[in-house]
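Chain lettering (A, B, C, D, E and F) follows the sequence in which the chains are written, and residue indices restart at 1 in each chain.
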Amino acid sequence: MHDFISFPGLLAAVTKDGIDSGATAWMLVATAMVLMMTPALGLFYAGLVRAKNALNTFMMSLGAMAVASITWVVIGYSLAFDKGNGFIGDLHNVFLRNVTNGPRAGLHIPELVFVSFQASFCIITAALISGAVVERMRFGAFLAFVPLWACLVYAPMAHWVWSSDGWLANRHVMDFAGGVPVEMASGFSALAAAVVVGARKDFGRQAVLPHNGVYALLGASLLWFGWFGFNAGSAFTTGGQAPLAFINTLLAPAATLSVWMLIDYLRGRKATAIGAATAIVVGAVGITPAAGFVSPMSAILLGALAALPAYTLIVWRPRTRLDETLDVLAAHGLAGFTGILFIGLFAQASWNLTGNGLLFGNPIQLGRQVLAAGAAPVYAFAGTFVLLKLMSLVGRIRVHEADEGQGLDVSQHGEEAYTHGEGAILFRPLEPELEDAEERTPSAV
Amino acid sequence: MKLVIGIVRPEKANDVLEALYRAKVRGLSMSRIRGHGGETDSVETYRGTTVKVELADKIRFEVGVSDNFVQPTVDAIAKAARTGEVGDGKIFVVPVEKVVRIRTGEEDTAAVTPVLER
Amino acid sequence: MKLVIGIVRPEKANDVLEALYRAKVRGLSMSRIRGHGGETDSVETYRGTTVKVELADKIRFEVGVSDNFVQPTVDAIAKAARTGEVGDGKIFVVPVEKVVRIRTGEEDTAAVTPVLER
Amino acid sequence: MHDFISFPGLLAAVTKDGIDSGATAWMLVATAMVLMMTPALGLFYAGLVRAKNALNTFMMSLGAMAVASITWVVIGYSLAFDKGNGFIGDLHNVFLRNVTNGPRAGLHIPELVFVSFQASFCIITAALISGAVVERMRFGAFLAFVPLWACLVYAPMAHWVWSSDGWLANRHVMDFAGGVPVEMASGFSALAAAVVVGARKDFGRQAVLPHNGVYALLGASLLWFGWFGFNAGSAFTTGGQAPLAFINTLLAPAATLSVWMLIDYLRGRKATAIGAATAIVVGAVGITPAAGFVSPMSAILLGALAALPAYTLIVWRPRTRLDETLDVLAAHGLAGFTGILFIGLFAQASWNLTGNGLLFGNPIQLGRQVLAAGAAPVYAFAGTFVLLKLMSLVGRIRVHEADEGQGLDVSQHGEEAYTHGEGAILFRPLEPELEDAEERTPSAV
Amino acid sequence: MHDFISFPGLLAAVTKDGIDSGATAWMLVATAMVLMMTPALGLFYAGLVRAKNALNTFMMSLGAMAVASITWVVIGYSLAFDKGNGFIGDLHNVFLRNVTNGPRAGLHIPELVFVSFQASFCIITAALISGAVVERMRFGAFLAFVPLWACLVYAPMAHWVWSSDGWLANRHVMDFAGGVPVEMASGFSALAAAVVVGARKDFGRQAVLPHNGVYALLGASLLWFGWFGFNAGSAFTTGGQAPLAFINTLLAPAATLSVWMLIDYLRGRKATAIGAATAIVVGAVGITPAAGFVSPMSAILLGALAALPAYTLIVWRPRTRLDETLDVLAAHGLAGFTGILFIGLFAQASWNLTGNGLLFGNPIQLGRQVLAAGAAPVYAFAGTFVLLKLMSLVGRIRVHEADEGQGLDVSQHGEEAYTHGEGAILFRPLEPELEDAEERTPSAV
Amino acid sequence: MKLVIGIVRPEKANDVLEALYRAKVRGLSMSRIRGHGGETDSVETYRGTTVKVELADKIRFEVGVSDNFVQPTVDAIAKAARTGEVGDGKIFVVPVEKVVRIRTGEEDTAAVTPVLER
């Protein structure tokens, strides 16, 4: 896909100016669907935290959407997709200079659509990291973190695999829809963020439970919906690998969910709902890098396999001192890692027109995938660690302990998610206020 | 006058309401609470976090009655709420020194006599 | 010391809070409950299921006061919560044998005297 | 539509390999929209049950999505769409053998897209049945039921009307988007399921009310949204009947909703919201078989008419001993039945290029539709009845009475939908637990 | 766009019958997305009101969807888009007479799709007005208001700018996706509605707070999602201005949200979530008229600027006696006004192929935009004011005060949004009821 | 017998539960309430509406105990719930005239002795 192969049969539908109307239709919708994933993530995450942090958690996603969008068109797109060196792009496209409605080189969709689609990837990747630090990171600090991280971590990693001069692209690493810059980048950045920001004060001492499981289920479901745009949209056309990526995005999460419920059941006789929501995400992440490269039956296998390391980590992590709160590392980092390696084994040129993996006679592909699976975690972790450490030298990145106890909705946003109105006294700007000055004498209890 | 506080199972709440109605008790208040007694705890798991949930949902009735209504009220609640299983709940009778009906300002026994003209 | 329990309409809760404040009562607790009294029941329908809803939303205040504050507290609640319509609610005054202020461990009257240095 | 007529004018946009890029774009999106309907159904249903069963109810839909997807590609698709006999297909496509990215015969979209679209139909149809048995069916039993039901009931019924050798297709029954295999199949299967599983223990004795009407409204709204993909996607192209099916999917539910509110108002001076959510579903179901066959004005009439039997059944059913809990029979079975018959009267060749109904001079079509409307309920009811009876010989299909009282969220999933954390004691695997062994002496109350 | 310019390069993808399959695919989806905005609005509004009015508030949107859809195909479409005079269209298309599946004149999509897309605009515009009168308007009165308003206010205003003989279209006013008939029409109609219906009885006396901030955030997010269909769909093609309108619909709300959070923070050290939800809407409204006319960098500027008047009005309005409850005037009327004027300054022919604004050498365009920005508020306010005044002569348009206190869910719909079941006694139609006749003797408290 | 009513911070609720368990108190009820005391009010803004929120979330424990358990219960709550900051809450001890265990109908002291065979 990102090799920008043109599938000859499709050219007939392409107009004189090089635009394929059907492909453009699909990419417009796919982009909208991916853009909807970020609020869906906000809802998913909001359901998993306590009621007193629900708005803040949702707002981290929406806030990321605001600042990452602007960052992307100002500079991120240029750094990621402009030609430069193997590591990062040049500045020829800053402020969308030289970007037009004409086709993106090698594709049959307008470059503006390509920019939008890629923006949606950057946005959600940044938003994902919030899962590691909910319930204690300062909202302002997170908003400052997002654009810096988008430029320093996301853009280079996207360049590595998706720019024609990226060092991993040059080594023919296969990454259909973002195992490297989206899944491993967010997962291992989340780990770094959890380490730098530190655990919540109640972590490991009190039971901190999801306040609304229905939000979590609905959020995960909307994420799944958007993921069809995410993965099948990464074909940038309706033919080619889009249909394959589409069905694989149905089958892999379905397999992960089936396996996850089974493990849950075998361990405790209960197939948990929060587990199921997680499994959907894990399966979708696992198939993300592989969606256009492996057969549907391999996708089922990948979905099933991806459950195992993620499940194990999710059970084990809360027993440690590591408060990587919503398990971004397990659900994204580890599942993305699984998917990237799986390609090296199961990629099938008969399905993807691009290349085979080990099991189909091309052992070298596995080596390339191992390279990507090794480099991405290191860079993402290190980059995020250094960035947040530097930020914490400049200012506070987590809230005061009292504010954490009171909840971040009140302390960061001055609101509660669920209000009733009793005991809330209106400030009436037009009338004298309740005489607050009145002397307070010892009186009742 | 007394305040009869009855803590019962949620699924018995409607039976209690009906029993109180039949006992001609007309005013009462009710809230959703959680309780811990002899019931077995349940274990719940939220991803990696396993917890023992020690509290079960209950309904708390609070009924202000004049003295000669105390026993009928207690009996009505106890009978309607009983299943015989652990967790049926408790009834407490607390003395009340004064009652006021807010609408009229009537006090004590007058305050607890329902008005008929509704 | 007494515990004054006031059950009022939700829309009057803020007026009661203000009245208690003016009566110099500083500590109180509040919860959302549902009550049944002389109010007319409402009928609700959820697809084929029709029900008679017998309970109306109310707010329950619970205020611990020293003896000489009982009457002002009762008066404040009664006055602020009154609309004159059925459903205004009731006030109960219950004796209290002991009060503890958790923060300091102070007991009884000391526990009920608000601290000024906030 | 399912006759796979090619509309000549459209061929110009079709490429040499037989794929229409625009049609494929539409079908990718339509498939994603239908896939989103299953979680939307979960939300709708979850809002209609008590809080203690909210997660379980939602999970029945998500669980169906997991296992039905796998079932579909493993065998269901082959049974439904492979040539075989009039009743059921062969096994040539099991495990998606012989399925490629090339066009599905007679269509201009890749077969993989066709498979995915049809998968989404099977999934939601199975999930619909859960509405009959919520709040008491064992979760594991439902998960086992879904694949069996998909193979034994759904796949044959889809074959009947949509395979070129199906016995109803051969008799020229018109069923645009699934009056037979989706709506009547789910509705009458739901009836059977309610009969076999039995009523909830509180049914008819206590008021069991929807715990969250907002979820129900949002769920129904998302269903409506997805239904545009469901019905207009059943054209498998953007031209032809797609625009007609689209506008009819707007107008029929709008008409049902208007009439429903009116009846509600006339009966009790209140237009209920739960009723409105139901009406949207009823109207969308009613138009489903007819969407590409009748004129927009007929669609309004159909929407209005479909309200009457469904409303009547919904009011009457709770007075019986039949706890078909969320009225799948009324909303799907009866409304689908209405739609199938309506075609026989109002189909209009000038709109659908396929055939007329009685009122437009073709009385025989009514006979064909009556045949379908007679056969579908019988097969669906009988098949499901037998299947569940057999299953109940093998194991429990409903939960223990105590578990039903406690709620299925705790008993089946070990979770609550809405938690607070007080009174939940963390198991601390690294530290000695609270000395549970301590002797318990009689002491306090 | 609404000039129906054909972009020559695209014609190659258009089939002999004049339909572009890709464009049709996009417009089908865009229409579904806009149709989903109305329930999303219902959710957004429902979150902002008190729990006792949640269902009613949501139902105003769904009810509008029902009656406005029917109104549109019966007469609204004809009044708006049929040729007539400069003010309003003729009746040639009533009941969709003469509307077919063939292309809409000047476009390459079927007219039925065009009708559906335009229906979705009329629906949401009518639903928006409910925001001004929630928590006290009679549901029946609102349902009666919608079709009248659609014919008397919406249809003419749409005709003005989007019919080839509309008086504003003839004066070359640029309004891409509805600054005049959607945003200013709803905003200033909302103002009139608030004036005629009057303030809630608690307004300014009690703190009336949003009962569920998560609904508000999710609703606003879904609105944003739908808005991509709204704005980019207004190109009626996938090429041309669609990609530009798309990316602008991402960037403008992102900018508004960033600025809004900043102002919030500067004023009170808290970036509020309800404010953020509002900001998304404000930004999307601001870009609506301008989406296909200004460059992406101008869109960022417009988003930032649009925040200022809307923020100011939202802070100031509650201090007045004007209970325009959910600030439709600020979020839609004022932001739409800003967008319409902005075009006059920043329109750029190099991006839109249509015309320049003042800053790009065409001062006369600003004059045209000022004309539109002046005429729209006057007509919308006056039309709605007169209509509601007349309606209030015929019957009650607001609920009784006691019903308002009890909440409109119970009084208008006979339901509560959140129920538990305790204290709800089932009417058992088959058994003798609880002996209600029993004598009630003075007894207990 | 007495009813011990303890109003504590939500974050201390689990500590109180554990303390009561260690004090061998087995039955209790709990509800979520809101209280006003010496705590500073918080200011919240919802679009143009600014409000002063005067109530803070609290947990209310209600524990019926036999007389010799009153002091241990009060001590357990007071100790477990204390942070030393304003807002720790209060404990009230109210006399109880009668207790009934609904499951068995046992009264008073018998009603308050937990059964062991669970």
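We take it that a residue touches a chain if its C-beta (ideal position, glycine included) is under 8 Å from a C-beta of that chain, and two chains touch if they have at least 3 such contacts.
Everything numeric in this text was worked out from a predicted model, so none of it was measured.
Enquirer: Provide the labels of all chains in contact with subunit C and in contact with subunit F.
Expert: Looking at subunit F and subunit C together, the chains touching each of them are A, B, D, E.
Enquirer: Going by the stated contact rule, which chains contact subunit C and subunit E alike?
Expert: A, B, D, F
Enquirer: Please report how many Å separate the Cα centroid of subunit B from that of subunit C, as a whole number.
Expert: One centre to the other, that is 17 Å.
Enquirer: I'd like the Å distance between the centres of subunit B and subunit D, where a centre is the mean of that chain's Cα atoms.
Expert: 43
Enquirer: Just the number, please: Cα centre separation of subunit A and subunit B in whole Å.
Expert: It comes to 50 Å between the two C-alpha centres.
Enquirer: By residue number and range, which residues of subunit D touch two or more other chains?
Expert: 13, 20-23, 25-26, 29, 206-210, 212, 268, 270, 272, 274, 319, 414-416, 419-426, 445 - these are the residues of subunit D that touch more than one other chain.
Enquirer: Tell me, which residues of subunit B touch at least two other chains?
Expert: As it turns out, subunit B has residues touching two or more other chains at 14, 17, 26-27, 30-32, 34, 36, 43-46, 49, 51, 54-55, 64, 90, 94-95, 99, 111, 114.
Enquirer: Indicate which of the five shapes (line, ring, star, complete, other) describes how the chains touch one another.
Expert: Contact map by chain: complete.
Enquirer: Name, in rising order, each residue of subunit F that touches subunit A in their complex.
Expert: Listed in rising order, the residues of subunit F that touch subunit A are 11, 14, 34, 36, 42-46, 49-55, 90.
Enquirer: Could you list, by residue number, the parts of subunit C that touch subunit A in their complex?
Expert: 1, 10, 13-14, 17-18, 21, 23-27, 30, 32, 59, 63-66, 69, 73, 99, 111-114, 116
Enquirer: Applying the document's contact rule, which stretches of subunit E touch subunit D when the two form their complex?
Expert: Against subunit D, the touching part of subunit E is residues 13-17, 19-26, 28-29, 31-32, 35-36, 39-40, 42-43, 46, 54-56, 58-59, 62-63, 65-67, 69-70, 73, 95-96, 101, 110, 112-113, 115-116, 119, 139-140, 143, 212, 215, 409, 412-421, 424-426, 428-430.
Enquirer: Hey, which residues of subunit B end up touching subunit C in the complex?
Expert: 3, 17, 26-31, 62, 64, 94-103, 105, 111, 114-115, 118
Enquirer: Once bound in the complex, which stretches of subunit D touch subunit C?
Expert: Going by the criterion above, the answer is residues 207-210, 268, 270, 272, 274-275, 278, 314-319, 327.
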